[in-house]
Amino acid sequence: MMHEPQTLTPATETKMTARDVKVFYGDKQAIKGVSIDVDMDHVTAFIGPSGCGKSTFLRTLNRMNDTVASARVEGAITLDGEDIYAPSMDVVQLRARVGMVFQKPNPFPKSIYENIAYGPRIHGLAAGKADLDVIVEKSLRRAGLWDEVKDRLHDSGTALSGGQQQRLCIGRAIAVEPEVILMDEPCSALDPIATAKIEELIHELRGRYAIVIVTHNMQQAARVSQRTAFFHLGELVEYGVTSDIFTNPRQERTKDYITGRYG
Amino acid sequence: MMHEPQTLTPATETKMTARDVKVFYGDKQAIKGVSIDVDMDHVTAFIGPSGCGKSTFLRTLNRMNDTVASARVEGAITLDGEDIYAPSMDVVQLRARVGMVFQKPNPFPKSIYENIAYGPRIHGLAAGKADLDVIVEKSLRRAGLWDEVKDRLHDSGTALSGGQQQRLCIGRAIAVEPEVILMDEPCSALDPIATAKIEELIHELRGRYAIVIVTHNMQQAARVSQRTAFFHLGELVEYGVTSDIFTNPRQERTKDYITGRYG
Amino acid sequence: MTGPAIFLLLAGLGAIAWVSARARALRLQTVARASGRRDAVHSLPGYHGWYVALWTLIPAGIFLAIWANVAPGLVTQTVLADPAAQSLPADAFSRSALLGEARNIASGAQAAAFNPAAQALVEPYRAAIREYGIIGVVLALVLAFAGGAYAFTRVRPDFRARTRVERLVMATLLIASLLAIVTTLGIVVSLLWESIRFFSMVNPIDFLFGTKWSPQSAALGYGNKDAFGAVPLFWGTIFIGAIIAMIVAIPLGLMSAIYLTQYARPQVRKWMKPILEVLAGVPTVVYGYFAALTIAPALRDFAVAIGIHGASSESALAAGLVMGVMIIPFVSSMADDSIAAVPQSMRDGSLAMGATTSETIRKVLIPAALPGVVGGVLLAVSRAIGETMIVVMAAGLAANLTLNPFASVTTVTTQIVQLLTGDQEFDSAKTLAAFALGLVLFIVTLLLNIVALRVVKKYREAYE
Amino acid sequence: MTVERLPTDWKSDAMQKRIARRYAAERRFKFAGLFAVALSAAFLAFLLFTMLGNGLRGFTRTEIALQVDFPASPLLLDPANITDQGLAGANLPMVTSEAAKKALGPDADALIAPTAWTAVRNAIKADPRILGRTETVRLPASTAIDLAAKSKGTPEAEAAVARLKQQGVLSTGFNMGFLTGSDGTDPTQVGIWGAFKGSLLTMLVTLLLSFPVGVATALYLEEYARKNWMTDIIEVSINNLAAVPSIIFGLLGLSIFLNFLHLPRSAALVGGMTLALMTMPVIVIAGRNAIKSVPPSIRDAALGIGASPVQVVFQHVLPLALPGILTGTIIGMARALGETAPLLMIGMRAFIATPPGGISDPATVLPVQIFLWSDEVSKGFVEKTSAAIIVLLIFLLAMNGLAIYLRNKFEKRW
Amino acid sequence: GDQGAGGGAGATRDQIRAVGSSTVYPFATAVAELFVQGNPGMKSPIVESTGTGGGMKLFCAGVGAQYPDIADASRRMKKAEFEMCQQNGVKEIVEIQVGVDGLAFAESKKGPGFKLTPRIVYEALAANPYGKGPNKTQSWKDVDPSLPAIPISVFGPPSTSGTRDSLAELILEKGCQSDEAMKALKEKNEDEYKATCTRIREDGKYVDSGENDNLIVQKLGANPNALGIFGFSFLEENKDTLKDVPINGVEATYETVSSGQYPGARPLYIYVKKAHMQAVPGLQAYLNAFAANWDPDGVLTKRGMVASPEDVRKASGEAVKSLPTLDGAALK
């Protein structure tokens, strides 16, 4: 097991850190002491076979595991040096700062406009209607969706295609000005063309946020990420620069996985 | 579209043939004219992205699609030259001859013994209790499970581990002396070790039955099969000797899929 | 021969048929199997057994069922031909009563005759019953043997006995499910038939839109014109069931569902849910009693205390409140289902945006679940307006068109009960009016249910 | 392109205030939910306590101990030959009344129940030898005395009670007769056994009719029915029947079973048939859900090795769905047990002083008995009504409890 | 129990069936109870309270096991009803007067102490007093200055109940006839007379209280200003919460009702089908049980029935024995 953080080139700015994180579902341990640093302006990919704990670990980063009654988290996770599990940390605000995009696009059954405006509204980020309009437009632009939907902002978000819905969800996350964006297999429900669009979008967003993406598709991890973490049975087996992991894995398990021996 | 059957080396004995098979779910066409030969003593792998119709086509081979009210099959499928969709064909006997193993291990909530004995019982294959005991032992041995369960034949089949359950299901299928065994992603719910065991089992069974396996895992297809069929959007894109398909695909789509461009 | 004995005899025959057919099939199959062809044998021996047993039992059983209805008539005719019957009284009822008594004694259903005249007939009855009993049993046995023999000759290894037996099983299941249609037809026919008679006496327009309900004046012979205006009943029904009850049930039910599903600890939920469900399990007659004796007087005292005029001790409010409480579990389980049907991903999506739980519920879950909740409320309304005992006992009989919840109103169901029990008058428009009211109630609840189920179903599909 | 926004200052005062407001709203909302649950539960508790408070007294009765000098009384009875007929003609009411007057004063008839003589009869029946001596027999007190002794009565009755207490002849004990008796006109003498037996017989008919038909229908619809117009009609019928107001079933029973088929009025047979029509859809719907919850993988597994559809259903699906079906059946039966309105329509509301002997005898059922007693003149019936309600509720709660237990025990997650 | 009506051997019944008046119901059930106690082994008679009118309809529907044996009535059989019976083959009917009942008027113990006359009742309750247009009176004072200014609110029996018929006949018609024009109308136009004199207002002042007499009693307790109309026995039974309202200064007591001095006194009857006497076991014994208990010190008076005068009782006792057939000509 590796409790020592696996840090990479010192040139990068660290946004989030995890130290010896353990997650339990009831009696069952899903994450067995993971330490990792998430860097600013990079895309970090989590890969590993099904059930290895990628999603579980990702969800500890914005405390979404709080919503699972049986889940319990140990260890320390910080955002900008602040402990996110400290009592003084406000979950509601934390989640605004660490946004999340899910596997299945999950727009609210409201209009496109309302989907984007939802976050700014509940957090009181817009001074008025005009301000909100500005936020909605900007978020949709960043999510690469503006041109496709600008004429039908008041149509239902669920009427969009799968890929558009996923970009809408990304836009919704962006609208509250997060610092980190977590994505849990954002393309696995999409067709190849929509997948390519999202991958492109991730490229564009990279400069502005720290992005963590979980993926099943190793080719995708190779294409979009600069850092890759390989999980297996709740452990972080290897973490490193993506190109190194794929061409020159240090661990046997990583190699076996990448070459399709299991999973 | 390829309506011509893709037959391979003439040396092999053909067990089942499909000619221009089309499957509809209501108005929706899931299989768009597939012709293929399944050979005796070989393992045939069906690969392709999610939803391309692998399972649908597999289930036409033992008429499991009859149980889906909306499903409609066109074209001709034969087993040993006999049309399996002919009115004179007794589905119940067909399914005994063409056994099936499913993605999720699905033992009956009964004892291990009863799981295996069920098929021989309903088909009247055993003359008495002693005969049945012999069949149960032989089937469990062939399924590579005998040594693990021989002391607890009367424990519930659902109390076994996932891999054991899947081998139990294979044993259950073997117990009625099938000629063909269809497997729909038999390992996708299993861990690597259990997967390896099943793959080994498939190797051993190969000489006795014609085996068709659907898999998501291309490495698995490469490891266990001698023939590979690549499906995409309900079409059979390419069918050939496994090593050829993986090293030297003739179709662009096959190549893109194998190299992880989509799926 | 008595019923149970015949039954046992037939059962024995069936068992014999089963055993012998099975043995034969087994023997033939062992031979056939030796030939090696897999499809040489079709069905398990047990199916052959069942096939022959059913052929033995069903024709004989059908015959006996018919015979049981025909034989008594034949027996009676034989007895009437007996000299002892000449002394029977001419009057039909006494005559048939005597005959019935004699028959009861003869068949052992009665110990002794109340009427000495019946005693003379007992012996002839006994003889006739015996005679026809023997005839029936013999015929049944002949049928059983014939059926069994025919089926037995068909036992061959490749005979598809399983298919035949299973076909019968399927037919039985199908017939069972047709009973639902028969019941529905029964309801429609029985309501429609009497309603048509009613509407031949009372103009449907007067009935549906008249505002004066006073069947008593019809009964007193003042004509039907102004007596059967059902609007006050419709209003009372709506006022109690759709307005007052819903004002209680919707907020309490919805909030209970929200609390139990979204906030309560699993342990609390595990206990509270069945406790609330008890509210729906309490018989309505108990609610009625409670409403009439405890709630209504209290409400009346309260109304008088705050100076409300026309407060009645049978108030719409008492019935409506109690009915609302009864409906709470209904609304809450419908709301529960609807909220649960909103995909978890919606909830996750909102929480991940930094919304609090209540914001998530109010702004995402409820709007998303709204069609389901509305459908559930419609179902609850349909239940409330069909509810009978609470209103019978607590709402009163005064057909008032009033908005005052402390006043007495009456409902459709109350009037149905009132018209058909108690002081009834058969075959007058007054009695028939009950069926017309029933028809209206049936149609309205039917429509409500169809609409509600549509809404709920559509909504479910939206998330599937 | 639009203006760049500054990063949000999550720590600002305004933001903190906003957060505090949002949390306050959160707490209010949660409290509203808790309040709703508590209010509903409180209503239930209130209902139950009211019934218990009124009804527990119904299970006891007040008795007056009376010395009867049998040899001296003008009994028309042959001690060697005690028969029911003989006892009925033995002038017992008069003997009892005289004895009471002698012991308790001239107003004794107002103190003992009108049917008190039956207690003397039972005493003789139990031991004919008492005819040879003076015996103490415990007679039920009249309603007025009973009420006054147990709670509050009229001033006269209160006075009488005080007097009787002083004489030491008054006692209150468990009223066994309430559990073994039938309907009557004197509240001190009534019992619920008649109605209870009527309920049992009715439920028996209901169960025997609705369970097989309901299960068969559920199986047919869930496992075999192809989608066509006929199954559509069956489905619509069943869903509608489940929602048709119960009183409509009463109208159906009245016009089809009674007026058309001329089945016996007031009988458990007709009541059971009417309720079976009502219960059947409940069983069908519960059955379908239970059958649906059997995972398709089990069916696939069985079909996959060549089981026929009938084998799949009867060997795999039905055994696995049975707990769910039973749960639904119990709930449906519990509903039928509490049902009143449809039975009123078919005449199960008559006065019947002996328990029904079979399903074609006139009978009444518990809820109807409650309805009838709630309408009685005598005050003594108030506590009897509540007591009958307690009995009914105990049964319903037990049935519902059983259903919940079954549901929890067999709730399977595949 | 009933047997299937298979073949010619008709249905039998081993239980007596009685239907009819809710006023007679408590007495009929009490007798049923005595009958069971006195005849061990016999099944309990089945008594259904359907109201006198409803009972007559059922009773007169025919002869046979599915039709009742006895109709209880709180008024005499009407000519029309008798004719219906005849039409349906119920030829021989025996009429037995079992007792007397008073149509009692009552108020809460806390009530104002009404003093009424038939005229007052008529003017307060008639739909169309004296045919001079709809009843506009709101309070008792509007009817008669001697009465308090309390809103009129009367709980009473519903139509087709014998009690309602008695109310019409014994009180309303008397009050109505205080107007000479009405007497004249009776001669001229019977129907219009009936309508004017017996139709009760429907504006909520008179509340049709169904069968649930008990609830009336309770409501009076809760509402001191309301007036209730019901059988004398109900009043007796609830002396602790209710008090009597005198009519013409006569209070409803056992004595005044029995002697007929009380204006609201009326006879109670049962009607029996002679054709059923043989066929239904125990019917004669049931009638005997009635006769054995209708004396002034009998069980029925303890239940609130008022015993008939001595001569009537004697005649009735004879009737129970000899079962004379009712002559339709004697009816109205």
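Residue numbering begins at 1 within each chain, and the chains themselves are lettered A, B, C, D and E in the order written.
Please note the rule applied: contacts are C-beta pairs under 8 Å (C-beta built on N, C-alpha and C of every residue); 3 or more make two chains touch, one makes a residue touch a chain.
Because the structure is predicted, anything quoted here is derived from the model rather than measured.
Trainee: Quick one: which chains contact subunit C and subunit D both?
Mentor: The shared contacts of subunit C and subunit D, listed by label, come to A, B, E.
Trainee: Could you run down the chains that neighbour subunit A and subunit E together?
Mentor: C, D
Trainee: Which chain is most remote from subunit C in terms of Cα centres?
Mentor: Greatest centre separation from subunit C goes to chain A.
Trainee: Report back the single chain whose CA centre is most distant from the CA centre of subunit B.
Mentor: E
Trainee: Please find which chain has its CA centre nearest to the centre of all protein CA atoms in view.
Mentor: C
Trainee: Just curious, how far off is subunit C from subunit A if you go by their C-alpha centres, in Å?
Mentor: 55
Trainee: Measuring centre to centre with CA averages, how many angstrom lie between subunit A and subunit B?
Mentor: 38
Trainee: Can you give the whole-Å distance between the Cα centres of subunit D and subunit E?
Mentor: Taking the average C-alpha coordinate of subunit D and of subunit E, the gap between them is 33 Å.
Trainee: If you average the CA atoms of subunit A and of subunit D, how many Å lie between those two points?
Mentor: Between these chains, centre-to-centre, one finds 59 Å.
Trainee: For subunit A, which residues are shared contacts with two or more other chains?
Mentor: Only 92-93, 96, 122-123, 176 qualify.
Trainee: Could you pull out the residues of subunit E that touch at least 2 other chains?
Mentor: Residue numbers touching two or more other chains: 49, 211, 215.
Trainee: Subunit D: which residues touch two or more other chains?
Mentor: 22, 308, 349, 374
Trainee: According to the definition already given, which pairs of chains are in contact?
Mentor: A-B, A-C, A-D, B-C, B-D, C-D, C-E, D-E
Trainee: Residues of subunit D touching subunit E in their complex?
Mentor: 84-85, 87-89, 109, 114-115, 118, 154, 182, 184-186, 262, 264-267, 347, 349-354, 357-358, 360-362, 374-379
Trainee: Applying the document's contact rule, which stretches of subunit E touch subunit D when the two form their complex?
Mentor: 1-2, 5, 15, 25-26, 28-30, 32-33, 36-41, 43-49, 66, 211-215, 217, 233-234, 237-240, 299, 302-304
Trainee: Which residues of subunit D touch subunit B once you look at their complex with the stated criterion?
Mentor: Listed in rising order, the residues are 226-227, 295, 297-308, 311, 316, 320.
Trainee: Mind pulling up the subunit C residues that touch subunit B in the complex?
Mentor: Per the stated touch rule, the residues are 29-30, 38-39, 41-42, 44-45.
Trainee: Given the complex with subunit C, which residues does subunit E contribute to the contact?
Mentor: Checking each residue of subunit E against subunit C gives 3-4, 6-14, 22, 49-51, 53-54, 57-58, 61, 63-65, 158-161, 191, 194-195, 198-200, 202, 204, 207-211, 215, 218-219, 222-223, 275-276, 278-282.
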